[in-house]
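Quick heads-up: structures coming right below.
You will see two complexes here that share subunit A, one where it goes with subunit B and one where it goes with subunit C.
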Partner chain A sequence: MRRASNWLLWGYCVYLVLPLYWLVTMALRNNQDIVAGLEVIPANPTLANFAEIFGNPVWYQGFANSLSYVVLNTLISVLVALPAAYAFSRYRFMGDRHLFFWLLTNRMAPPAVFLLPFFQLYSAIGLFDTPLAVALAHCLFTVPLAVWILEGFMSAVPRSLDEMARLDGHRLGYFFLRIFLPTIRGGVGVAVFFCFMFSWVELLLARTLTGSEAKPIVVVMTRTVSASGMDWGVLAAAGVLTIVPGVAVVWFVRRHLVKGFALGRV
Partner chain B sequence: MAEVKLEGVSHRYEGARAHTLENLDLSVASGGCHALLGSSGAGKTTLLNLLSGLELPSSGCILFDGEDVSKLDAGRRNVAQVFQFPVLYESLDVARNLEFPLKTRGMPRRDRQARAVEVAGRLGIEELLGRRARELSLFEKQLVAIGRALVRPDVALVLLDEPLTAVEPARKWQLRRVLKQAQQELGATMIYVTHDQTEALTFAEQISVLHQGEVVQTGSPTDLFERPASEYVAEFVGSPGMNLVPGEVRDGSLLVHGHALGIRVAEAPGACTVGFRPEWARAISAGSDGPGVPAQVTDTRTQGVRQRRPVGVVRAKLGEREVSLRQALDVTTGDAVILQLDQLVAFRGGAYLQGWSRVEDGTYARA
Partner chain C sequence: MPERRSTNLAWFGVLPVVLVVAFSAVIPLMTVVNYSLQDIFDLNTRVFVGFDWYRETLRDPRFLEALVRQGLFSMAVLVIQLPLGILVAKGLPKSGWRASFMLVLIALPLLIPWNVVGTIWQIFARPDIGLLGAALAGLGVDFNYTASPVDAWITVLMMDVWHWTSLVALLAYAGLAAIPQAYYQAAALDGAGPWEVFRYVELPRLRSVLIIAILLRLMDSFMIYTEPFVLTGGGPGNATTFLSQYLTSMAVGQFDLGPAAAFSVLYFLLILLMCWVFYTLVMREAHE
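== the complex of A and B ==
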């Protein structure tokens, strides 16, 4: 029984890792080798594919574009969500519960629904094809998410901390930045992670709201069919590099993520 | 240290229909230790928030040393509070936590450090000064929280909101002693809020019993035991509380459950309630001498042994009412007994009327 379940577990792990492994080995081979046949361990490993990406402006510009709107989106989302979540967590006001629930229901609409209004609006005001356009569009989804996550973490902090700070004579701003924020920094990490990941993998809005100037990496990857056929190796290398930021963010917030799951807010 | 006075303070939360506190008067001497005792929902937390300034009263005055602070915000009242669960700035070490309230009041760095060390010494936590707040046990955290409250040399008032709740029972005594010692040495005015009467009775010199938003009695622990102002206080204070049985004044004498004990009273005739504490009465086998009230034992509970005889609580039925008596267990369930009362009080209309105690020749004198 024990053995069987062990095998099952290992089998599942292989199943999960296999596509990743394949992507990485493809990125380390040239096109001839890739097309030639099955090769578990690359015979002639090469970094030429990565060199191509870091040397070709179309590629690295794509990465830069993606990163700029993702970072912009994460910053805006968290900065907006922090005071909002604090208000939901600490104050009672008219319609607070309904508003809070409505934030969540916002996430139920598929991004495609908003394509047309965003496209028309941004074209009209000259925002089309800028990182800010994509960042703002993504905010529609990431702000409610961040508010929801942060509210959970904030409500886990006893209200007496706020009261003690008031008795100590701190103003709200000082308390929030110097005492409260360090207390919930785990929650901020989790919120950053989810905003970042949403924005990083979202394709539809990013593709529609950009032209040639702010073209994100995922879009560059879908347009690599050239006259000489498909450039498999470079494509795989781009895929590997696309995964890296996500892995890095997970690495930084892995401990707080567990707490977020425990609070039921992630 | 300040003398604290509340004059006609009422508070109603926004949107609430009824007042949480109504027309409340309270006076705490400078350097005194005062407890607020009440069951949950009596308005203890509201009163605490009014004192600290987290809430402002709807009407009435709060005076610190004669100065009206009713409209002052929490930060400007110079009040410190110890919460039910210890609250510290978790990312700072203990010394910095202690210094923090001084920093916001602009005390120079060197004085701050000296004061933090002094207060830590008073509480016996010098060895914790370098530790991180989040590494401490609950008990140590609460000690530091108390230190934080006492650290400001000019603090007007220290509020304690059930500070022993989170502490394990075995260490409650220790914390209470440390707290009381520090209070006496530093001369702080303290208001201690609790629903636990043992804590209130052992900690404070003066106790105010709060009930439904009003102070129903203020007095020393002895006052609360001997002369409860109302039937509510009589039942609420003590464990078990005071036994209350129906009584009557007829022809100038007091009848307890229809039996005369030879007590002459000058009150107008009519029904009243007679109360006696479990320690004030004794059930003895029927047929013994002396005036008493007949009853029947329904239950006995052993709580210990004294001079090789079991002692505990005897429950006895007196007509409809059941009463508790703390005594030697020389009677058993089902016995017909008579209750001899050493001391008793009478209430009329819920309020205290008079008290008597038995003198040597078996007659009763007014207490």
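== the complex of A and C ==
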């Protein structure tokens, strides 16, 4: 059984890596080369596709736009989620369980349902085509997620810590910022990770809420069809670049990640 | 441990969340409900039509087909990804640099933008430029996901397994890591084989993480849009058009506000129902 599961793991890893490997080889070849024939190992690797992306403002501004709404979204989500998660974890209040369920349903709601009204709502208040519009729209699923994750981490901290701080005469604000927050910094890391991730990977809302000004990288990618057909090389290079931020973030929180999953709160 | 204190002042803590989510969820939802009851010609000409759009949607064969397809797809996703995820989790190393490395590798597909996932599989599976497509053609298999509905389904499922099995695996891994060693020692003393250990020691302890895994995979597969949109565009024909895809083509493509809104409300109610069933299950679990 041990051996069988090892084989399965290796097989699964190969299955994970092969499409990624293929993406990277495509990114290193020019388009004529790609269309001309199959090469398992690129014969004439070139960085021309990456040069095209870094030299073209449409591409690198797309990256900047995406990063700006993702960072905005992560900040808003974690800041509003912290006090809420503390309230859910430490107090009982009117409607608390219903409120928690309501938040959860928003994590599960299909973005397609909100497509039409979002477009009209953000147009009406003049936010259409700004990073803030996308950041707020993504709050639909990142805020419930952040509350859910943070509540899990906070509930794992014994309530006697709060009691002791109270007996020591610390005010709630001081206790929360100077004692409690450092205790759950792993949880904050996990929450940041998941807000960042879900905002970064989303396309439908980001596409609907932006025009030419705030166009995110994922939307630029869906429009790389030139007169001569698809430019597969540039598309693949852009794909490779979109993977980089995620890998960087997961590397930083890898220790806390399993703990976050262990709470079953993702 | 001290009890949770009861105070309605805690509402001040949740108020910011309520405001943000109300802005991005409640207002749009009310707009949708509003639209679903009217026939809208332009912004000033609207006629109240009651439940006509709902009746029409429920009789729309394309809606029903998309719903059936969606159900089949979500079932297939669960049937493949749950066992596979658990098996992968069991094989993962428990500690050391190998564990860190493997976890980052496994988490990788989850961090890739969804349209890039579609692009990756497009590049990988195309018969002309893709490694998989070309390899299958080399073996004499006639594989073309843009022409054959069966091949399109296989490709979309393979893509989803590639994209999301990691989530199940990571959840199961975390659940397994939480089982105390003493349980395994006791099982070994009783002479339990690997299957009995799994069935009577690990599976019961994995219950709550697996419920979460099922909930997340069911809900997320139920709203799948971007990946098949990029890979197959819902085709060939409508073979891979799932609910979100059909709804988006109605709302944005044809701008049919009323029917699209009625569709949205039905879709949302279905999600709400599934959510409620699971929430009740999870809460019962937590109280036991």
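Simple rule for what comes next: the second predicted complex is superposed on the first by the 258 of 266 C-alpha atoms of A that agree within 3 Å, B and C clash if a C-alpha of one lies under 4 Å from a C-alpha of the other, contacts with A are read in each partner's own complex, and residues count from 1 in each chain.
Criterion: a contact is a pair of C-beta atoms (placed from the backbone, for glycine too) under 8 Å apart; a residue touches a chain by one contact, two chains touch by 3 or more.
The structure displayed is predicted, hence computed values, not measured ones.
When both complexes are overlaid on chain A, the residue A:W251 reaches subunit C alone and has no touch with subunit B. With both structures placed on the common chain, the touch criterion links A:P182 to subunit B but leaves subunit C unconnected. Judged by the touch definition given at the top, the superposed model places A:G211 against neither subunit B nor subunit C. Using the contact criterion defined above for the overlaid structures, shared-chain residue A:M197 touches subunit C, although it does not reach subunit B.
Of the two partner chains, subunit B and subunit C are each touched by A:S160.
Using the contact criterion defined above for the overlaid structures, shared-chain residue A:P45 touches neither subunit B nor subunit C, since it reaches no partner. Of the two partner chains placed by the overlay, only subunit B lies in contact with A:G169; subunit C stays clear of it. In the superposed pair of complexes, A:V147 makes contact with subunit C only, with no contact to subunit B.
For subunit A, the partner that touches more of its residues is C, with subunit B and subunit C as the two candidates.
On subunit A, the patch touched by subunit B and the patch touched by subunit C overlap at residues 158, 160, 163. The residues of subunit B lying in touch with subunit A in their complex are 52-54, 73-76, 79-81, 83-85, 87, 89-91, 100-101, 104-105. If you check the complex, the residues on subunit A that touch subunit B are 158, 160-161, 163-164, 166-171, 179, 182-183.
Residues 1-14, 16-18, 20-21, 23-25, 27-29, 31-32, 35, 84, 87-88, 90-92, 100, 102-116, 119-121, 123-124, 128-132, 134, 162, 165-167, 170-171, 173-175, 177-178, 194-195, 208-209, 212, 216, 219, 222-223, 225-226, 230, 243-244, 247-248, 251-252, 257, 260-261, 264, 267-268, 271-272, 274-276, 279 of subunit C touch subunit A in their complex. Contact residues of subunit A toward subunit C in the complex are 1-2, 5-6, 8-9, 12-13, 15-20, 22-23, 26, 34-35, 38, 40, 76, 79-81, 83-84, 86-88, 90-94, 96, 99, 101, 103-118, 120-121, 136-137, 139-140, 143-144, 147, 158-160, 162-163, 197, 200-204, 208, 217-218, 221-222, 232, 235-236, 239, 242-243, 246-247, 249-251, 254-255, 257-262, 264-266.
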